[in-house]
Structures are given as structure tokens and as C-alpha cells.
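Two complexes come next, and they have one chain in common, chain A, joined by chain B in the first and chain C in the second.
Up next, the complex of A and B:
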């Protein structure tokens, strides 16, 4: 009941604590993006040249993968609101699957860069590229862990249409992970 | 006091305050040596006195944390302490080992102490804050393990609360990271890198968990606010402290020979380190404003609020001042660092231990929720005198630091270190006299434990 009332009032879905966490995370990434922007302004040529070495196809594929996973999470929340815990579980599992695909593609990309001898110390651009994508990578892993915990509880019948704050909490975090990538991808891979 | 075994906290608190007095006395000695170079030379050289000043600080805070844990854990776990005898035995071992170490520092030259204690077998000595002989370090590990066992068994077999779990996590981290004091690589870069794993990951990592847990415990008792509310705050604060603090270690890796990316990692993450401290301030004031009862121990509330504010100022604001790599390029290792160190340690850790003592002591000693009004008045006076003194010590050192950085590193005609020290001597004098006032505040604090109320004064 509390959850539905919150929605009527336009409040934040999920547990309030996760939102403090989400804002804190967004702040860290925000500061990182700003630092990237300032550094780029001072080294436009270096950044443009180095950017050409990134695998944009892998990046674009991962964007689609994460967006799809977010869609699945939305369906999971919709399913539990319709009191269908079983379907909610299926959608969550699909979202976790897409998250894992993201990790695989990203590891392939990291492998590519490391085997080309690129490291954090190669230049400022690659320092940012590797740091940002690595920190984001760790967040995808954390997001998967959170979704998995929600999935386990959903399967054991822990959520219902009346009480599903946990599903919304996990979904909110996952959308944050997705959102960060939606800024990271164009900023680091595309914008020239 | 709900459980008789909580009484083991008492000797820990007494030892903590005793060593605190010693720490301040040695602070006054080195403060004097800053302006009168040969003061007490050759009996107590500056490097020895400084070592005693910092080591006493760490040891008394550890006594305070342990005392706090012994008082807090049984009440939270709702059972007697697993082994009060073990706690008392460890108290004496720790006190005697600590005292012998300090005597060793003062009685013989450091190199002699190193040779006598077999430092060549497992060299761990000679690094700032970790100067203790290897055998003392082993003793610290033994005490820490016995302590964790005692606390851990109490928590595992009792009620598990967020406060207990966070406290136990912090204390375990404290013990684990201390193990890096045994790792002493020949390579100076690696040496410094792992040295910070003890120093930084203590004060800007796991100690924050301990501080958060103690503050939450005291605030629940003082304000009567729902445990659920306070626990949620605690979770968020701890998460933020760890997110920012762990990679924030990078702000020590700018100029020690580590790769350049640390300048970015360190700057970005540590720039956000003030946030958990700010949240702690908001947390403390919100809880006190939403209090559901008027607790008679006003002094404890003052210490708790003071702790939250001063921790934010000292650790948060004064830390941020010089945490960004481009600023730190000029300021590292200057009096700016000393300014930050003084206010951060006082605000975060000295005050959290005193907060706990102030809350627990009336229960331990008087079997009452609060000391008499006159004693509390002295406590409050001592709070203001010590706090205002530390603010001024910090401001004077900041002034000294700004001048030092400018004259020595920024100006077009940089001056040599000692010439600059002469030019900023006025600030050191001001700091010394403020230190004396701080000591007066500390004496008042000690007196507050013996202060009788007006009625008993009149009748006697």
C-alpha cells in the first residue's frame, strides 16, 4: 500500500536509502565526467586521436544491451504490480542475462586494449577511458548482484502487488547504471 | 548499565584519559621545541617527543574504542560480554606493553631500542606512526585478536543489530589493515604505498565505521529516536565513507612514485570524502531535533553534536583544502597538513571517544543516567575550551602553512626551509599558547569527573 501511495504522490520508487546511494554515485561519475571534459578541452587533439582506437561497435552493442536490460527490469516491476511474481522473476533473470552479456562484451574490449599494450599510463585519454569504463563495469557487477538478490526473494514469494519496494529499489539502481552508460558512451566513444 | 560485564569498559576509559593527558603534555613539549629549538635537548629530542605525542594519541584512541566496544556491544547484543576476564587481562597487557614502549622511546636512543628488540629479525620500525618495536606490534595483534574474539563471540551469540555489525566490521578492518605494518618492502615507493594502507585506511576508512556506530549508539540512547531511522542513516553514511575513502587513498599517491593516474583517482574520490562527514553532521542534528525525550545527560549531547561538526570541519573541509592534486603539489608535507591533522583527529576521533565516555561514565560510576549538574557544567566548559583552542591551533597552523607554501614553494624567489620557519615563528608561538589553553580545558575535563554537586558541597 505504501508503495502505491508513493506513486500517486509522485514520490521516489523503492527504498529511500537507495536514492541517496544513487545520487552519491551519480555525483562521483558527474565529477569524473567534468574532469574528463576539462582535460579534453586542454588536449583536444590527443583525445580525438586516441578516441579513434576505441571499438565503437562494441560500445554501441553494449548500449543496446543495457537499454534492453532496463526494459526487462521495467517489465519485471510491471509484472509484480500485476501480482505476477513468477513473470517478475523471468524478467529479472532476462535483465541479469543482458547485464552479463554487457560484461562479456566489455571484457572482450578490455582484452583488446590490454593486448595492444594500452594501460592507465598510456595517456590522459586512455586513463579516463579505462577508469570510467572500469568503474562502470564494477557497477554493472554490483547491479547484477542486487538484481539477483531481488530475484531470489521474488522466487520465494517475498513480493506482491501490495509490497514490492525491493523490486523497485533494485530497478532504480539498475536504471542508474544504465543512465551512466548512456552518458559515458557518447561522451567517451563518440563525441569528437 | 544493563549488564554487569559492561563495567570492563571503565579501566579502558581511565587509561584513555590518562594517556590523553600524556599526549597533550608531549604536544606542549614539541610545540615549545618549534620555537625554542634546544628546549629539553638532549634529554628529549624533538623526533622522540613527536613520536611519543603521535603514538600516545593512537594508543589512547584504541583504548577508547575498545572501552566503547566493551560498553556498547553487550547492551546492543542483549547479553553479558563473552569473557570479561579476557577483556581485563588484555587491558593490562596492552597498558604494560604501551608503557614499556614509551619508556623505551624516552630511555634509549631509537637505534638502540631497535637493536635491543630484534628489529633486524623482522624489520618493521622507523616509519612514522608505526615506530613501535616489532615485539610491541606483535603484542598489538595479539590484543586485537583477543578483543575481536571477545566482541565477536558476544555479537554472534546475541542480538545482531546494525550498530554491532558495523562496529565489528570497523574493528576487524582496523586489525586487518594493521597487519600491513609488518610489510616493509625495500622499495621506498611500495613502502609508502602500503604504509598508507594502515594510516589512511584506518582514519579515512574503517575508523569512520567505528565512529558512525558509536555515534548511532549514543544518539539512540540520548534522543529515543527509532532505531530503524538511525540505522538507515548509518548504512548510507558508511556506504559513502567507503565509496569515497577507499580509492581516496590515492590522494597520498600523488608524488611518491606511483603512476600519474592516481592524481585523478585520488583527487576525484577524495574530493567527495567530506560528504559522509557532512551527512554525519546532518544526521546528528536531525536526530537531536527529533528527540522524543529529554535525556538528563546534556553534556553527552553536546559532545556528540560537537563531534559531528568538528569532524566535518577538520576531516571534511580542512581535508578538502589540500586534497586536489594541483593544490597538493604545493601544499604537501607543509603546516597545512598539520592543521588538518590536528582538527580532524580531535573532531572525529577524540570527540567520539569522549562522547562515549561522557555517555557511559555516569552509568559505570554513579549507576545513574547522568552526572550531577555541576560536573556536567565543567564538562561543557572543557568542551568549549578544548574545541575553541583546537580551532585556533588549526587556524594558526593554516596561516603558517599558507605563508610557508608561498615563501618556500610558490614565490618567484623561493626561500630555504629554515629561513621560512624563522619567518613564520609568530604562528608557532600563537599555536603554543593556544595549546596551553587546550591543556587547561583538558584539566577541567579531568576535574569534571570529581566535581560534586552544589548540595553535597554545601553539606560538606
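Up next, the complex of A and C:
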């Protein structure tokens, strides 16, 4: 379980700068979610009919994949707190692997839609679906790059039980990516 | 002597999150809908998100204002999605 070290900013884990970034990202996603929800309120039939074309199994599978990768990151933080950099690296690599699985499933979904002739201009629902999920997709890529940088430093002995702010910083960003998907999945794939 | 828990707390949280995800998926697949169902889905989403904030992000024991800020955000977003759904029914 992640129990944060006490930093100057009231105990937030990792570098405080990442939390400014996380709050800004959550604000942007929040506005995007509400824009979707209120657009749906004005186009219920169109949204419900279009939603039938989504692959809900892929959406649920990606939720499982992201939750699992977040769990692996929690284990990586616990490992470095126990001064086990090698194990931390293994958990981080596993988390990156799950993040990559997310990208593959999502690309499969995008491929399905594009081959069916669906694009941003198909209708309002698909404009939101494609832009929201692609925006999140880019955040997953950034999260993987951050975790990979943390992994490299962990493997070269750059972190220890006494000094692992970088691991917590990367972990916090990755959990934010997971958190956003936890709202996106029911909003776009389930609620009708 | 410290008693070792049967299951790590973070593992238990992960399993609960997976189970709730399965439930959400099942609701979507079953086709059942309505304000009560959507309210339940949103409450489940709020609960899952707060679990990630508390136990994965590790904000359970940080200054209450930070935790409150994130809970407020989640409550506002899930609540407004519920309001938008209610409007769509009227």
C-alpha cells in the first residue's frame, strides 16, 4: 500500500510539481467529460445508437489492464521503500508491459472503427469518443515514457529507501492516467 | 510478534476494483438502464476512484485538504454526469 512520505506540500507523494500537472490534467479531462455528458443530454438517441457500435469488452479489458498496471506500480513503490531496487524494477517493467497491452487493445479498437468508416466527422458521439479516447491514449504513452525513465534510473541504482521521490512522482502520474479511465469507461461505454 | 496479513491490503483493493469493474461491465451488457442504475454506476465509479486516490496514489494519510480536493473533484464530475443524465430523461 502506498503510504506517502511527508514532504513540504502536506505529504503528497513525489515531486510537488507533478501534482500541479495532475490537477491541471484532471481539470481538462473533467471539462471534457461534462461536455460529453451535456451534449449527450441534447442528443440522447444519437448517442445511444452510436454507443452500440463500441466494443464494450475491449473497454472493460482495458480497465482491468490499467488497474493491474497501477497495482504493479504500487508494488514498485513498496519495493523501493523496502530498499529493493531490483524488485522495484521488475514491478515497473510489468506495469509498462500492461500499459503497452492497453495501447494494443486501444489501437485494435481504433482500427475497428476506422475500417468501419467511422471518423471524427461521423457524428457528435464519435467526435467525442475518438477525441476523448485518443487524448487519454496520448497520456498513456507519456505515462509509459515516464515509467521507463524511472525504470532506467532504478536499474542503475539511482533510487533507494531514503531517496525515491522519482519513483513516487512517476507512480502518481500513472495513477492519474488510471483514475481518468475509471470515469471514462462507464461514461462512454456503459451509461445509456 | 507481528501477524502477517493473509493478503496484502493493496492486493485486496486491486481485487475489489476488478470485481466492481466486472459489475459495471455486466450492467452495460445487460442493457438495463434508468436513473437508479446510472446512479448506482456513478456511485460505484466514485467509490472506485476514491480507492485509487486513497490506496494507490497514497493520499489516505496526507493533509485532509489534498484528499478533499480530489474527492470534491470526483464528486463534482460524477454528480454533474448524473445531472446531465437526469436532464436527458426529462
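Here, the second predicted complex is superposed on the first by the 183 of 192 C-alpha atoms of A that agree within 3 Å, B and C clash if a C-alpha of one lies under 4 Å from a C-alpha of the other, contacts with A are read in each partner's own complex, and residues count from 1 in each chain.
Just so it is clear, a residue touches a chain if its C-beta (ideal position, glycine included) is under 8 Å from a C-beta of that chain, and two chains touch if they have at least 3 such contacts.
Model, not experiment: these values are computed from the prediction.
In the superposed three-chain model, the partner touching more residues of chain A is C, compared with the other of chain B and chain C. When the shared chain is aligned, chain C comes close enough to touch A:30, but chain B does not. Of the two partner chains, chain B is the only one touched by A:131; chain C is not. Contacts of A:38 after superposition on the shared chain: chain C is touched, whereas chain B is not.
When the shared chain is aligned, chain C comes close enough to touch A:64, but chain B does not.
In the superposition on chain A, contact of A:17 is made with chain B only, not with chain C.
Of the two partner chains placed by superposition, only chain C is touched by A:75; chain B is not.
Listed in rising order, the residues of chain B touching chain A in the complex are 232, 235-236, 239-240, 243-244, 259-261, 264-265, 267-269, 271-272, 275.
Those residues of chain A that touch chain B in the complex are listed here as 16-17, 20-21, 24-25, 27-28, 31-32, 35, 120-121, 127-128, 131.
Across the interface of their complex, chain C is touched by residues 1-4, 9-13, 23, 26, 30, 33-34, 37-38, 40-42, 44, 56-57, 59-60, 63-64, 67-68, 70-71, 73-75, 77-78, 168, 171-172, 175-176, 178-179, 182-183, 185-187, 189-192 of chain A. Taken in their complex, chain C has these residues touching chain A: 8-11, 13-14, 17-18, 21-22, 24-25, 27-29, 33, 38, 41-42, 44-45, 48-49, 52-53, 55-63, 65-66, 69-70, 73-74, 76-78, 80-81, 84-85, 87-88.
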